[in-house]
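Think of it as A, B, C and D in the order they're written, each chain with its own count starting at 1.
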Amino acid sequence: MYTTHIGTSTPDSINIYGYDLCSEVIGHAGLADIVFLGAQGRLPTGNESKMLDALMVGIAEHGFTPSSLAARLTWLGAPEATQAAVAAGLLGAGSVYLGAMELTARALQEAREAAPGESKEKTAVEILDRFEATGQKVPGFGHPTHRPRDPRTARFFELAEEWGFLGPHSTLLQAIHSEMERRRGRLITLNGAGAFGAVLSDLGFRWQQVRTVVVAARAVGLVGHIAEEAARGTADSTAQALFRHVEHHTDYQPQR
Amino acid sequence: MYTTHIGTSTPDSINIYGYDLCSEVIGHAGLADIVFLGAQGRLPTGNESKMLDALMVGIAEHGFTPSSLAARLTWLGAPEATQAAVAAGLLGAGSVYLGAMELTARALQEAREAAPGESKEKTAVEILDRFEATGQKVPGFGHPTHRPRDPRTARFFELAEEWGFLGPHSTLLQAIHSEMERRRGRLITLNGAGAFGAVLSDLGFRWQQVRTVVVAARAVGLVGHIAEEAARGTADSTAQALFRHVEHHTDYQPQR
Amino acid sequence: MYTTHIGTSTPDSINIYGYDLCSEVIGHAGLADIVFLGAQGRLPTGNESKMLDALMVGIAEHGFTPSSLAARLTWLGAPEATQAAVAAGLLGAGSVYLGAMELTARALQEAREAAPGESKEKTAVEILDRFEATGQKVPGFGHPTHRPRDPRTARFFELAEEWGFLGPHSTLLQAIHSEMERRRGRLITLNGAGAFGAVLSDLGFRWQQVRTVVVAARAVGLVGHIAEEAARGTADSTAQALFRHVEHHTDYQPQR
Amino acid sequence: MYTTHIGTSTPDSINIYGYDLCSEVIGHAGLADIVFLGAQGRLPTGNESKMLDALMVGIAEHGFTPSSLAARLTWLGAPEATQAAVAAGLLGAGSVYLGAMELTARALQEAREAAPGESKEKTAVEILDRFEATGQKVPGFGHPTHRPRDPRTARFFELAEEWGFLGPHSTLLQAIHSEMERRRGRLITLNGAGAFGAVLSDLGFRWQQVRTVVVAARAVGLVGHIAEEAARGTADSTAQALFRHVEHHTDYQPQR
């Protein structure tokens, strides 16, 4: 037998994570609350709920990205199977794209576990020293458009403070930010992905869970991309327009 | 150029669907509101928001299903790429599994467009006559566990009535239900998937958009499945347990 | 217990479909032979093997397509998870793109089953009458580039004749082609996808199996696309170049 | 413009990697040759072709695995979208499952690049010392069923020797094997995945390309799994049988 503890059903009731679905969840919980429930095994408090909504809403939609274009191209080939378009749009959420949330959460959580009780200023210095020594990019910093400040970052931290989640991970990331700007002598963007990873950590999510939260938020955002393609139809699709910029070229000289 | 109307960015602001992301969306909208925004191009009203949350929350989680098992098995092979596990879990949302929401919405919307102004009782009779003539299964009815009533159905309709969305599609489905039980002389389950498709139609979603809404809800539910696997670890995983029930057998007699 | 008849293992041997993998398959069979084995339960004869290789090789690679671009974009986000890039590249093999092979095979197989023993000329007339009556597009005809002839079609049929597979499905498709050109009074392309579906039918594949054969061929072709992206690196990637043609625009006027 | 060098088309010809598709590839090349062509930019020689076929054929099919079960479960939900079932079946080809081929190729290639000209015995000792120092598992060794020898390993190396590809990567892996057995004083399985990665390296594939080759081979193997499910039908499917072993259990005690 393989067993899940996620829920049970009887002919006239459904239980998820110990709650009666119909009387305690439907009509009471928002969609993001189910993300919290799945990750932490209980429904969030009012403030936890609002904070998670704010974070997920803030990253759900980003216009044209590798992710949304892959979804739109897939829709063009299989408009009858929109689940495949959504899935294709999620598959690029890896180390390069949408990975910064997980990487930031991991760096912050591991640093705090490695040195519990240490001041955030000292931990920030150690993290930066370590990343600089190995030449690795510190996750959560830099943005091609939002310079020198990412507007989401201030908003996430403002709400986190208002609702009580500007905790040790967020303030550690802010300390890293200050130290990094001090060392380099210029303004550097603490990006929205980094702030997302920090506040989500302060909301109690383990770093191993972060990517699935990001992916669920993007699945929500992809509803709009596929709706936009569907409203245009295949002949006038975004994806068709894209092919006008394609060039096929061959310079292989195979030996025969 | 290929163009999206979904949003724009400047160095210090992000606009999605005409709203300023940081001041008008983050902190104000819930996750499901972004589904509404993508499908309908505007943020929902308070009641629309609560209704969509209720619907999506009601179908986000279903325990072990082909969908969640495919996600868990994929996680077992690639725990470092959880986006792939979520994507795999969504790919089976096709005609058989999770398709009833789209099929019901389509049947209801097409019937109303074909005979605008007709009474729901008359349309219900016509739909049933047509399905019976072709031997096709009427979507939205029947359930292996929830007999003779699906508890989600009553809850969805109760909230739809309270919040003002028990509209023409929902009442048409109820009329079909009554007529079907009258014809067969016994209780028949109007399932949660059917009620979902009907109320979502009354919320203004076109049937072509329904599957992406369902898929986004399941992406949310999969967060918990992957979290449960991750908490157990690969050696003790659900998927490993499953392999104790596998039997390999060969009775091919190839000609050589 | 759930059982597969596909194969068994002992500590020192592996059996697939009744063959000893190490002594009868490895070193004797080509890759496409495993496609034949999976679909038909036996290894192909020499000519069957050559014919299936010819067909699959002929559709494995098509340059930039929605499929290969989705794969490349996914690679750009997750270069460490190339299985996700390949999967994304396959997901658009639906009704519009890469669907013609399955549709043609289905139309031919169903027409022959519906009227066994009927002459191909008569069946061709009936098929065209039926498609014209419903306004549906006849699968396997037309091509945006290859006009008035698709070079793959002649090649597939030439080899099918040489190796003994220009059977009833292929000749039926040729009869449909002749009748269609006669009716319209001009040359019309019988495309490579159509010829693929016809010859694959004559090789004994059921139409329900055709799409998986197509998908396996494209998985092979995607090796080269991902290799090309990887050789360029993320900064200079095809997908990055594509973003220079993107335009974000907003004309939503939301009521607030 | 974004450009690919993979191929070009004119109305009456198709060129891939510098070859005329119809006259030089179709009818001459096998399916695995296109894998070689995509990865290395030229068609293989006769022996290279046979070796790659042997390797890919040897790993295409493995009975019930997380991969094939995810494909079958996805088929059960969406039998009309078999591309989604194949894609789901590939997504778990990550670090745990099917990752050993890439990991072995990477370890061998990096070791040889780090110490060119060094004897294989010395490199083997260094590799083992390094893995033992960090406590990491050496890739390519161990198997739950095939003990103490994996029958594919001997077969791969036998053919590699016969066809001239028992090169520096394969012999280095053999040297590691000898040294490992010497150190531990017992027989240890050098598994088929390891031998695959070594011989593929000697065939000229870079380790970054290995996973896509593995994935293409599995796409071929999945044709048979989906065919087996389709032949049984949804009601009697493998996946349905699997659900008889499911147990839903709840021990959450949520605070309300």
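Please note the rule applied: a residue touches a chain if its C-beta (ideal position, glycine included) is under 8 Å from a C-beta of that chain, and two chains touch if they have at least 3 such contacts.
Everything numeric in this text was worked out from a predicted model, so none of it was measured.
For chain pairs C-D and A-C, the one joined by more C-beta pairs in contact is C-D.
Chain centres computed from CA atoms place A at the largest separation from chain C.
Where chain A touches chain B, over half of the residue numbers in use are shared by the two copies, so each contributes mostly the same positions. Separating the CA-averaged centres of chain A and chain D is a span of 31 Å.
Each chain gets a centre from the mean of its Cα atoms; for chain C and chain D, those two points are 23 Å apart.
Look at where the CA atoms of chain A average out and do the same for chain C: the two points lie 36 Å apart. In chain A, the residues that reach two or more other chains under the touch definition are 1-9, 17, 63-64, 78, 80-81, 83-85, 87-88, 91-94, 98, 239, 242, 245-246, 248.
Because contacts link each chain to all the remaining chains, their graph is best described as complete. Interface residues of chain B, counted against chain D in their complex, comprise 63-64, 66-67, 69-70, 73-81, 84-85, 87-88, 91-99, 234, 239, 242-243, 245-246, 248. Residues of chain D that touch chain C in their complex: 1-14, 16-17, 21-23, 25-27, 29-35, 37-39, 50, 53-54, 56-58, 60-64, 81-88, 90-94, 98, 145-147, 149, 151-152, 154-156, 159, 208-209, 211-213, 215-217, 219-228, 230, 238-239, 241-242. Across the complex, chain D meets chain A through its residues 1-9, 15, 17-19, 24, 41-43, 78, 80-81, 83-84, 87, 91, 245-256.
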